[in-house]
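Structures incoming, each one as structure tokens.
In the two assemblies presented below, subunit A is common to both, partnered first by subunit B and then by subunit C.
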Partner chain A sequence: MNKLAKLFVTFISAITLALVSFTSSFAKVEGEYIVLGSAISLTGKYSSNGVHTQNGYNMAVDRINKMGGVEVQGKKYKFEIIYYDDESNPKRAAQLAERLIKQDGVHYMLGPYSSGLTKAIAPVTEKYKIPMVEANGASRSLFTKGYKYLFAVLSPANQYLEVAIDLAVEKNGGKGVKIAQAFEQDAFSQDVRLGILDAAKRTGSEIIIDDKLPKELNDMAATLAKVKAVKPDVLVVSGHTKGALTAIRQISEMKVDVPMLAMTHCDAAKLSKQHGKKSEFALCASQWHKNLSYKDKFFGSGKKYAKDFQKEFGYDPPYQSAESSAALLVFKDAFERANSFDRDAVRDALVDTEMQTFYGNIKFGPGGQNVAKPMILFQVRCKGDDCENRVVAPTKWASDKFYHPIPKWSERS
Partner chain B sequence: MEKVKQKDLILYSGLIILGLAAPYLFSAFKVQLTYLCVLIVLAMTWNLQGGEMGYNTFGNILFYGLGMYLTASVQVGMFFPLAEWTESGGEKTFVHTTAQYFQGIGVGLLVSAIIPAIIAGAIGYAILGLRGHYFAICTLGLGIAAGEIAGGIEIIGAGQGFTTPPFPAEIVDTEARGKFFYFLSFALLVGTFVFVKYIYGSRFKLILNAIRDNEDKAEAMGIQTMKYKIVGWMCSAFFCGLAGGIMGGLIGYIDSTDVAFDGREMGVFMVLMAILGGKGTLWGPVIGATLFHFFKEGLWTLILGWQYVALGVLIVVIVVYFPEGLMGWLREKYPEKFGEVIDDKDRKAQVELK
Partner chain C sequence: MDFLIFKAPMLMVQASLDGILLGILFALIAYGMALQWGVMNIINIAQGDLVILGGYIAYTIYLWGIHPAWGVIISPIIMFFVGWGLYKLVINKVVDRDLFISILATFGIAIVFQQLMNFIFGADVVVAQSEYGTTMLFDNSVTLPNSKIFSAFISVLYAFALVIYMKKSRLGRAIRATAQNARAAKILGVDTEKVYAATFGINAALCGIAGALISITLTLHPYVGLPYTVRSFMIVIVAGLGNLPAVAVSGMGLGLFEEFADYILGTEFRIGAVFLLLVLILVYRRFKLSKKREYLK
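Then we have the complex of A and B:
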């Protein structure tokens, strides 16, 4: 045992030394840099959206830094972000938030991707009184917990597809419609579902199929078979990127005829590129679209943002990227108005935020959600083989008329 | 109780002092240290089945997840209507007073130890008759099924997840929460270690080994193997449930498949850690878990995006070069340190024979 014990003692003391030398943490503001922290899903089921989010953050950091940075007390600072990979796992995200705050000394956080992960991180940031501007946690329950340091630039999840139901009812001559719905088992999609339930109640619509889809979904044939049998007026599907891709793939394979198909995450899934004509007529909820007429001095208009983003990353920005970029603009604005790095001063400045960005107006409600920006709906439309997303609601920005009902597969070329 | 050797005494008291001082020495690392304690507990309890009994279970995650949900549910349910707490959207928010919080978590942990143990007994009775791969696959199914089922039960939040009660706001010290969970998990670790060490000195362990080495012979010798297998599993479930309960409170948000019944991560990690350290040894899982945790925390972020590839390589390296784990490797190298007597003449004779 003697030698073994020695080995053990050596091992323990080595670890102790390593840890102690590690503990020296960074400052929130290092030289000319303001350090922000973020746990992002670079691997796992949210990895594609995690990368959209990260690209959005990076794009804004570059742009703000290039255009002079953030001015606090007469001195110019630049943004810098420390990223960790949360593996799309809430447990990991909470642990990393702790790590960013305690070990890396981060005093300001940017949100992760998805509602579930934001729900896991919010208690941590709240505990340490760290202001977090998040752009990808839309679940309504985030905004009813009384969090004081959480600010979301997006509209809550339950608003995503409510408008779609209203549209369907309108097309049905004001009478209630029959709704079939399938939602992934996660915080975000379940909140979208709640929105639909509310809308159904309000409009006197009837929900005839109410299915749950597993996480990591890649098959929803069972739901679609039911849809074929009972012929609802509207089919609602929500399950992040994979949900959108799976739905379109299987609807076209099974030739499911439904007059209206409402979804989320069409642009993040690049539906119009990946599935082309098969995805035509799909109606999608979005936080943002490049054709909206908002403007700011960093990115110009939505169209200009889209162009720059395309140049930088090689694809059209989904709204996940746009809202993430907007989060940085909010931080910059708050720092400058607070004119201080005091966390509470920054937090108070965030509360008073009222600004326009290329992404939309931003003003935080008492729960921290953005109350100044409506959701929009777009529809995938094709000319020949070239498909794109056209805004159809609300009417203020609609570039196209809403096409209803979706022609039957037998009539589609 | 056999007398503890003096050297061991020094080692143990040193470790306990280190454990107690750790949250003050490495204040910033409290959460990681808490994770470490929980990981060690999971690895040690897995080792009871996988290492000592020869039953490779992937089902221990079931008890971990159960413990998590049970603790949180009891903690909320004791004082407020649980359904309204978890209700979709969470319009209503209840606030625990300091006393309620600690009473709740105390009772919750008690429940989270007992119920998983009972369930382990019931399930064990049904499936511990299976052997080898059949048992492994069956338990793998248990964990996955539990995740899907939990994701459909509205009262515990279903797909929305379950936000556990926040640490009482009246305690202003931001370090208090970290310390509380650290000491809780450290106490659990010490408890588990003492228990497992006790088992290692008992006839019970020999019976488990007999089951591993040849179950039929053990049966033939008059050992009621089924009884011992079930009791063994219940012991593991007891500690796994507690570990889950502590983790639920620490993470603050329970998701059915990603946090609670997280077979893909925790479920695999506990097996990996035990094998890395050396299954079938007392210290193996402890060392394995510690190394694994350090590897994970230290390297993970340096190789963003590639961490699972690195993990894969690590698994291959372990399996190829240390099939018996680190302790097994040490044992082969320095058998005399493990109290094994080797007759040099005999060894030479064997070499000559070859």
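Then we have the complex of A and C:
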């Protein structure tokens, strides 16, 4: 009798287990909800950009749901996102991706913040054949590994500052220029560097300073002293927000005169706000700017997006939020074209994506990167103590003329 | 590109001055570390995070519209009590245990501080503006930010004040007595518990000053504390405990070495070179010690 009882208990628990796993494997679409999953940095060193990313996702989910949702096989569905905090830690992000897929039964993923974390998650989504649309991993190495389920709405890192070199060459009458560059030793900045190397080769430019800044470093005085000594035509700096802030602080303090200064992460660093007039004339690479003339029916234009975002979250949207919102638009479009919840059908639909969003045109290359959208450059310009970012390149969207060369410090008030 | 520094002699002047000015600031942090290491036998992994917290205090008053230089007075006062509280809360439980326990405890404090600063001040990199301008030497070929000169000056000032305090004041003498022999000091009526708390408080105050200076010369971020811990650790290792002139010289020496390593070996080896130097010094010290032991035999 005892044996029978044991057998019965085992049987019941087996059935319960089977039921649980059965329901969770269908959790990708629950009732009228399409469930997406995302590990995101809500604490730790990426937390501010992590929150920008999450706000971008949430804004798009609300908007799409409000405007009728996603129509698949004649039925309307709404988006819902399960978030986990990855603590800005790649290992944790990979674990959470696994948990989202295996325990929560998520079949479609949204990317985390930063190249490093995307790199940690991509092998997991690839293993389980889960389509992931990501908006914040730009490192070139993400797109050379042959991932089939990874799609990025943003331009790869090597394109960030190539435009700047082209611009410098153009100002130099088509002749090659002398480039001084300082890049932090991390995956993203080194990819930006590779882009500059390509551009230098293409334009016949010469790289006369090529400093690689250690991650722990927050002092660029030595690099800048060298720059002062050799007088390059353009100085390129990329080291996330820390690099941008350190560069402007020390360039202004050491009175380093360069005709052109190109950087990344100016808007994330709130450069014009923190350094004011000292940051004037700095040229910054950006994925997006609200003044661009792209349009879609969900958010209207970039300007309208910025206004709505401001109303909802109380601050001007950085490009990290805009690109995150765009990721949801891509998913909606893919679901409707696939007209199915089959992962591979959705994946195939993603491959064929060709659309315009308020954030820019989106079309995925063979590696999954967005090939339809150019990077833009803006320049910090000031009126009195009031500084703002104005788009100067590419010329199609430029609202202002590129100011060149930067006046010498002795001539600046 | 290599050895540009030898082609342009002015670069050598620039590098030396940059190195020395920064080195003095590091020496101040290292002095705090040496003090509490000597007195309490604790290696404080949270040293750098105390520095950054001090910086955030200066940054906060800057946001209130007060000039951040006032941070060098306000920040150490607040940080002294932070240090005191930290001692009463955590450090007094590990102070007479072995070194490993104290390293673990302060490592834990470091993590808590980082997360708290991230929570309170956000994960963005921030700077405070001193608007002190620039000193130009040799026909504008050598430029020194006045903020760096200011920070070196303040560091020296505080270091001297502390030396005098340690020599003359009652508490200073009690601290030195405890460092020499805690048990003997206790027998002679020194309240070592209080001395320990004060020492930890003074160390935190020194970190507060350094942090305020860093907020106007470099950048602040909740997670950049560790490099300051590592640098001050190295300076103390080189200089030995309880020897202020040696700490100052070793701080400036490391600053200089770092700048020159940047020019000669390349920026990417700058920090690597410093670590290599540390290894060489440790090996050399061991070598010297082993010789001594043989001689004693």
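As a working rule, the second predicted complex is superposed on the first by the 384 of 413 C-alpha atoms of A that agree within 3 Å, B and C clash if a C-alpha of one lies under 4 Å from a C-alpha of the other, contacts with A are read in each partner's own complex, and residues count from 1 in each chain.
In the analysis below, a residue touches a chain if its C-beta (ideal position, glycine included) is under 8 Å from a C-beta of that chain, and two chains touch if they have at least 3 such contacts.
Given the structure is predicted, the values throughout are model-derived calculations rather than measurements.
Enquirer: Quick one: classify A:D219 as touching subunit B (first), subunit C (second), both or neither.
Expert: Only subunit C; A:D219 stays clear of subunit B.
Enquirer: When the two structures are overlaid on chain A, which partner does A:T144 contact: first (subunit B), second (subunit C), both, or neither?
Expert: The answer is first: A:T144 touches subunit B but not subunit C.
Enquirer: More residues of subunit A are touched by which partner: subunit B or subunit C?
Expert: Tallying touched residues of subunit A, the top partner is B.
Enquirer: In the overlay, answer first, second, both or neither for which of subunit B and subunit C A:T43 touches.
Expert: The answer is both, since A:T43 touches subunit B and subunit C.
Enquirer: Of the two partner chains, subunit B (first) and subunit C (second), which one does A:M67 touch, if any: first, second, both, or neither?
Expert: Touch status of A:M67: no partner.
Enquirer: For A:Q103 in the superposed arrangement: first (subunit B), second (subunit C), both or neither?
Expert: In the superposed model, A:Q103 contacts subunit B only, not subunit C.
Enquirer: Please work out whether A:Q95 is in contact with subunit B alone, subunit C alone, both, or neither, and reply first, second, both or neither.
Expert: First partner only.
Enquirer: In the overlay, answer first, second, both or neither for which of subunit B and subunit C A:I208 touches.
Expert: A:I208: touches subunit C, not subunit B.
Enquirer: Just to be sure I read the superposition right, which of the two partners does A:Q185 touch: subunit B = first, subunit C = second, or both, or neither?
Expert: In the superposition, A:Q185 contacts both subunit B and subunit C.
Enquirer: Please identify the positions on subunit A that touch both subunit B and subunit C, taking each partner from its own complex.
Expert: Touching subunit B and subunit C on subunit A: residues 43, 185, 212, 214.
Enquirer: Going by the contact rule at the top, pick out the subunit C residues touching subunit A in the complex.
Expert: Listed in rising order, the residues are 1, 4, 8, 10-11, 14-15, 18, 22, 115, 118-119, 122-127, 129, 134, 136, 140-141, 143, 145, 147-148, 218-219, 221-224, 226-227, 259, 262-263, 266-268, 270-272.
Enquirer: Quick one: which bits of subunit B touch subunit A in the complex? Just the residue numbers, please.
Expert: Contacts found on subunit B: 5, 7-8, 10-11, 14-15, 18, 25-32, 35, 88-91, 93, 148, 151-152, 158-161, 163, 166-167, 174, 177, 247, 250-253, 255-259, 262, 265, 287, 290, 294, 300-301, 304-305, 307-308, 330, 334, 337.
Enquirer: Where on subunit A is subunit C touching in the complex?
Expert: Residues 43-49, 182, 185, 208-214, 216-219, 221-223, 225-226, 228-230, 240-242, 245-246, 249-250, 253-255, 268-270, 274-276 of subunit A touch subunit C in their complex.
Enquirer: Residue numbers of subunit A touching subunit B in their complex, please.
Expert: The touching residues are 1-5, 8-9, 11-12, 15-16, 19-20, 22-23, 25, 42-43, 83-85, 87-91, 94-95, 98-99, 102-103, 116, 119-120, 123-124, 126-129, 139-141, 144-146, 158, 183-187, 189-191, 194, 212, 214-215.
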